[in-house]
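The structures come next, written out as structure tokens.
Each of the next two complexes has chain A plus one more chain, namely chain B in the first and chain C in the second.
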Partner chain A sequence: MTHVSSWRRKLKNNVTGYLFLLPTILVLGTFLFLPVFYSLYLSGHKVNLLGEVSYKWVGVNNFTRMAGDERAWIALKNTASFALFVVPLQTAFAILLAVILNAKLRYKNFFRIVFFMPTVTSSAVLSLIFMWIYNSNGLLNRVLEFIGLHGYNWLGDPAVAMKAIMLMNIWSTAPFFMVVFLAALQDIPDALYESAMLDGAGGWRRFISITLPLIKPATFFTVVMGIIGTFQLFDQSYIFSAGSGGPNNSTLTVALLIYQYAFKNLDFGYASALAVMLAAVIMIVTLIQRKLFAEEKLN
Partner chain B sequence: MVFQQSKWGKAILYFLLFSYGCITVAPFLWALSSSFKPLSEIVSGGINFIPKEFTLQNYYDIFVKEPLFLRWMYNSALIAVVATVCNTLFNSMAGYALARIEFAGNKIMFILILAVQMIPGQLTIVPAYLIMKQLDLLNTYAALTLPMMANATFIFMMRQFFLSFPKELEEAAEMDGLNRFGVFFRIALPLAIPALAAQTIFVFMGAWNEFLKPLMFMSDKSMFTLTLGLNTFKGQYISHWNYIMAASMVFTLPALLIYAFFNRFFIKGITFTGGK
Partner chain C sequence: MKKIGVSILSLMLVVVLMLTACGKSNEGNKNTGNTATNGGTEQEATKEPAAEKVTVTLAGWGASPEEQDLLNQTLKEFEAKYPNVKVNYEVIADQYMDVIKTRLIGGEGPDVFYLDAFEAPALIERNVLEPLDSYVTPEFDVADFEQPMVDAFKQDGVSYGFPKDFSTLAMFYNKKDFAEAGITAPPTTWDELKEAAVKLTKKEGDKTVRFGFGVAPELARQLFMIQAFGGKVADENGNAAFAAPDALKGLQLVTDMHNVDKSSGEPKEVGAGWGGEMFGQGKASIVFEGNWAIPFLESNYKDLDYGTAELPTVNGKQGTMAFTVAYVMNKESKKKEAAWQLISFLTGKEGMKTWTSKGFALPTRKSVSQELGYDKDELRSAIVAGASYATPWQAGSTLPTIMSNFNNQFVDTFMGNSNLEDAMKKAESVANKEIAAAK
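Moving on to the complex of A and B:
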């Protein structure tokens, strides 16, 4: 008897378990899991979209084509320099803000809400507001003229356009990571700081020897998320350059290039190959970082 | 604490906070003030944050003269609400099953969901488009809502939440004759409200602000979301920054209100997913 009922119970658990998971399996399976394999498949094919979708096997052609694709190299270089510039600054900035907000201060919540506004706002809106600020008739130039400096065509100059997006990006993402660091800071016991103070450690010393090592998991999270985020930069450069990646390819990112190849040139195979490359780069970077941080933990 | 609790230290702290606060709100205030200025005042320049000639005309024009603006708002709201409702429900169900139900394959499902979290978005855009095309879903609400109905990150978060949830409550409810679904909907879900609130903000914001997916899936202007509409606005009224700023403000307001309302949960929610 008990044997039968336990068997029935198991069956019931299995059925219930999968019923609970059914919507998730359908959604993630169709729109995340399947696309990964589909993407790999596409990257080896030439895709014809006219009428019925059809595929022609081209082997590694899509991948070898990248080597000679000047715009792919420019996009990769832009994306990498974007990440190299933005991630360290946004991380440092987020730590600074979190440390300041973690001090015993009045109006703390007010500041938190204010600081957070850019994070809540859509990148489409932020990009439009900043385009207006950077406009040759916009706020930035007016302020510069007001203090006696010359205005500048910020978005028209290839040397500066990407920097303008970088600044905006740091400004809008640092507050999100600030909250991650705030949470980490609150887990550090006060006693650690107190005993360090008794030992005569100054503020800077305490920051280097206690705060930084103890917020390492948060730093890791921030750097990884930062790299993933910056490598996927799309909305901002799309809106700033009206989809072109200009002026003179200076705001062309890999994500934007993938979009252009897929939806402007209808070259889905090559676009998929680029996406596979980008995904591989992101995964390798993440793994390297994971390894670096894990090793430091052991020491 | 890093900073000395001295008078000077405090003064410096407040100065830094205040300066950064100004840097943060200035662009928003500038946009807000521009949205109440006539175009002539905007292009003639000046750095006045208070409009010399205050007008509501810009708002009137975008709502009345631009026939699609209200439609775009409706599209954005519909998609964001559907995504939010489905996410909170489906992610919780999945998280609950992974945390509480012993079924064959539980571990494998959990590992798959963790793995799915690491898939970079770019990898899915091209195939997602083709899948939608082959399902004949381009230019439909389903194209935007279906892929956004569940989210691996929040499933993970809900699993962690239900793991730390007292088992006794459920056992008592089961004694009273509730089945799994009853236990979940009547006991577990109501107690998960703080976690659900955090999810609500993240999912709502994500869907409301989404740019790439509508850009890919919607070519019919009437199916655009506000993000896309706003961008075509830019092309259409190339130098009409007054309209763009007014529309931006209309777009930002709902997100800001939701954020202000759920603020406490928002910070807690990030703590939850803070990678610890």
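Moving on to the complex of A and C:
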């Protein structure tokens, strides 16, 4: 008797628990898991959705097709070099900003607001502002000419178009990670610095031996999020190149290529295969990073 | 922005998912209730005269406020003439074709919508447009249309849409710059254009402040140059063919002006958004633009003293590009009779006259053009004259792939970074690989 009632109570508890979870499960299920599985399903098919709907099983054809797709390679290369360049710089920049804010500055709150401003601005708006700055007759070229350097055709020249996006990305993302580092910095006990000072350690030494090791978890978080974010770069190159990924494929990213195949060519099967490939690449890179960071985790 | 990247990606997937879900249920309906729906439309058709109000959705992209007013006026006239039909006009502000395609996939497409000639072959091939020939009456007078514009929406002799308006490219030239350079008449051949452009180019130090010729190095504007020596963009099988020697000859003329003569430039090089702006700002003395540039120049650069002329001949032949947009009917529409009434009014003599009365758009009907006097208009006659020999911006259903590969490489070679032949060969082979892979 008691056994049954306790079983019942347990069930009731569980049901209540799941009822509370239901909204989240539904939302996540519909907007996260179903699309993921549907995308996996699509990646194995040749799909026609406009007009006569048809699904044709093609096995791994969509994936082998990538090997011969020159633009897919270019997109992957662009995306990887983008991540390789942007992630270290934005992390370093974020640490620098955080250290500046953590020092006992006057007007600290004012600087906090100024530093954080780019993060609050929508990236679509930022892109438009930067297009105006990067314009051949724009602000940046005027400044360059004023100090005696020659300007660039920032948006039209394949050699610099991607670098223009990189600069803007670093500038606008670093402040977000700055906040993470700031929180980590404020957790470091002052006593450590004091004892180091007594031992005669200079500012640089203290930074290298105390600050950097103690903010390692924050660095790991920043680098992982940075990589994931940079691999998904879409909106800036979309706006900068009006959706084409040009000039000469220099701003083509994997996400932009997926969009082009899905919505311009209506080739949803191949686009899904590319998306699956991108997800796999991000996962592998993240796992490698975990390995690297975990090995050094001694304390 | 990463957040936005993530959400855009997931949003796309969600949209795709939901659309296909809808699409599937639609399919089911079709299979089970095919005969029923057919019966239904017949009933509806017979019911229609009985004063039951039908609402037709019409989708298009946005335009200037003045142009929008004109369309609203045309629609009001239509509703006055057909009191049983109400038009629900929707503006799709951005990424028009992507939105239309996804809505068609989801079975939520509008009854009538704008379709650019460039996108027409692919949609016709996918069988989502209603063939219109059975609706056409003798009074509609198809022969009155400019032939190339109607042909752009035909496949295998069947019409899928009627063009609402069009523009060809004409040569816009700055009269003041011409007088300064001592040029008395607009150039009529490519050689004359070349000479004039060199004279008109102005430098300060080693920086060009004014190009003689402002050019858009993209396929949409250069297709007629490819054809000037007998070249083709795509062959019969839909494969890219723009790297053939005949096609390269025309393109060479364009790149040489930029890289050898240094007398032409693209709008980006002087910080302008497009040719009309470059011309208005005085940073190019000659541009090839269409009718859309006239209201733009009128409202933004009032004092500009300019003229228009037909494009110079290339290889002794006249040529230009034509851009046109049609009203087409969704095959899945449930209100086809009313949808046709709307199309036939908007592209008919009456509706087209109202729509094109202020000159924002040019009529595709010869009778309307004559009635409104555009063939004699000082600025617009050159654009109208081009209609008879223009190449419509269209080249089969694989054009989007061909275009993106062409533009990608052509800009590069235009900027002097690569040899024309190598760049075009590369673009052609990549395009053909992609076309083959998508089959």
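Structural remarks
In this section, the second predicted complex is superposed on the first by the 283 of 299 C-alpha atoms of A that agree within 3 Å, B and C clash if a C-alpha of one lies under 4 Å from a C-alpha of the other, contacts with A are read in each partner's own complex, and residues count from 1 in each chain.
Here is the rule we go by: contacts are C-beta pairs under 8 Å (C-beta built on N, C-alpha and C of every residue); 3 or more make two chains touch, one makes a residue touch a chain.
The shown structure was predicted, so the numbers you read here are calculated from the model rather than taken from an experiment.
Once the two complexes are laid over each other on the shared chain, residue contacts for A:I228 go to chain B and to chain C alike.
Contacts of A:V276 after superposition: chain B is touched, whereas chain C is not reached.
Applying the stated contact rule after C-alpha superposition, one finds that A:A242 touches chain B and leaves chain C untouched. Among chain B and chain C, the chain that touches a larger number of residues in chain A is B. Contacts of A:V27 after superposition on the shared chain: chain B is touched, whereas chain C is not. In the superposition on chain A, A:Y18 makes contact with chain B only, while chain C stays out of contact range. Of the two partner chains placed around the shared chain by superposition, chain C is the only one that A:D69 touches, whereas chain B remains out of contact.
By the touch criterion stated above, A:N137 is placed in contact with chain B and with chain C alike.
In the superposition on chain A, A:R112 makes contact with chain B only, while chain C stays out of contact range.
Legend: residue contacts after superposition of the two complexes on their common chain; A:P35 is shown touching both chain B and chain C.
Once the two complexes are overlaid on chain A, the chain A residues touched by chain B in the first and by chain C in the second are 30-32, 34-36, 38-39, 42, 49, 53, 122-124, 126, 135, 137, 228, 232, 234-235, 255, 258-259, 262-263, 268, 275. On the side of chain A, the complex with chain C involves touching residues 30-32, 34-36, 38-39, 42, 48-53, 65, 68-71, 122-124, 126, 135-138, 153, 155-158, 169, 172-173, 225, 228-230, 232-236, 244-249, 255, 258-260, 262-268, 270, 275. Interface of chain C with chain A (complex): residues 1-2, 4-6, 8-10, 12-14, 16-17, 19-20, 23-24, 27, 95, 98, 101-102, 104-105, 123, 126-128, 266, 268-271, 400-401, 404, 407-409, 411-412, 415, 417, 430, 433-434, 437-438.
Taken together, the chain A residues at the contact with chain B in this complex read 13-14, 16-18, 20-21, 23-25, 27-28, 30-36, 38-39, 42, 47, 49, 53, 97, 99-105, 111-118, 120-126, 128-133, 135, 137, 139, 142-143, 146, 171, 175-176, 179-180, 182-184, 193, 203-204, 206-207, 211, 217-218, 220-221, 228, 231-232, 234-235, 238-239, 242, 254-255, 258-259, 262-263, 268, 271-272, 275-276, 278-279, 282-283, 286. Note for the complex: chain B touches chain A at residues 1-5, 10, 13-14, 16-17, 20-21, 23-25, 27-28, 30-31, 34, 43, 45-47, 86, 89-91, 93-94, 96-98, 101-106, 109, 112-113, 116, 118-131, 133-134, 146-147, 149-150, 152, 155, 180-181, 184, 205, 208-209, 211-212, 215-216, 227, 230-231, 234-235, 241, 244-245, 248, 251-252, 255-256, 259-260, 263, 266-267, 270-271, 274-276.
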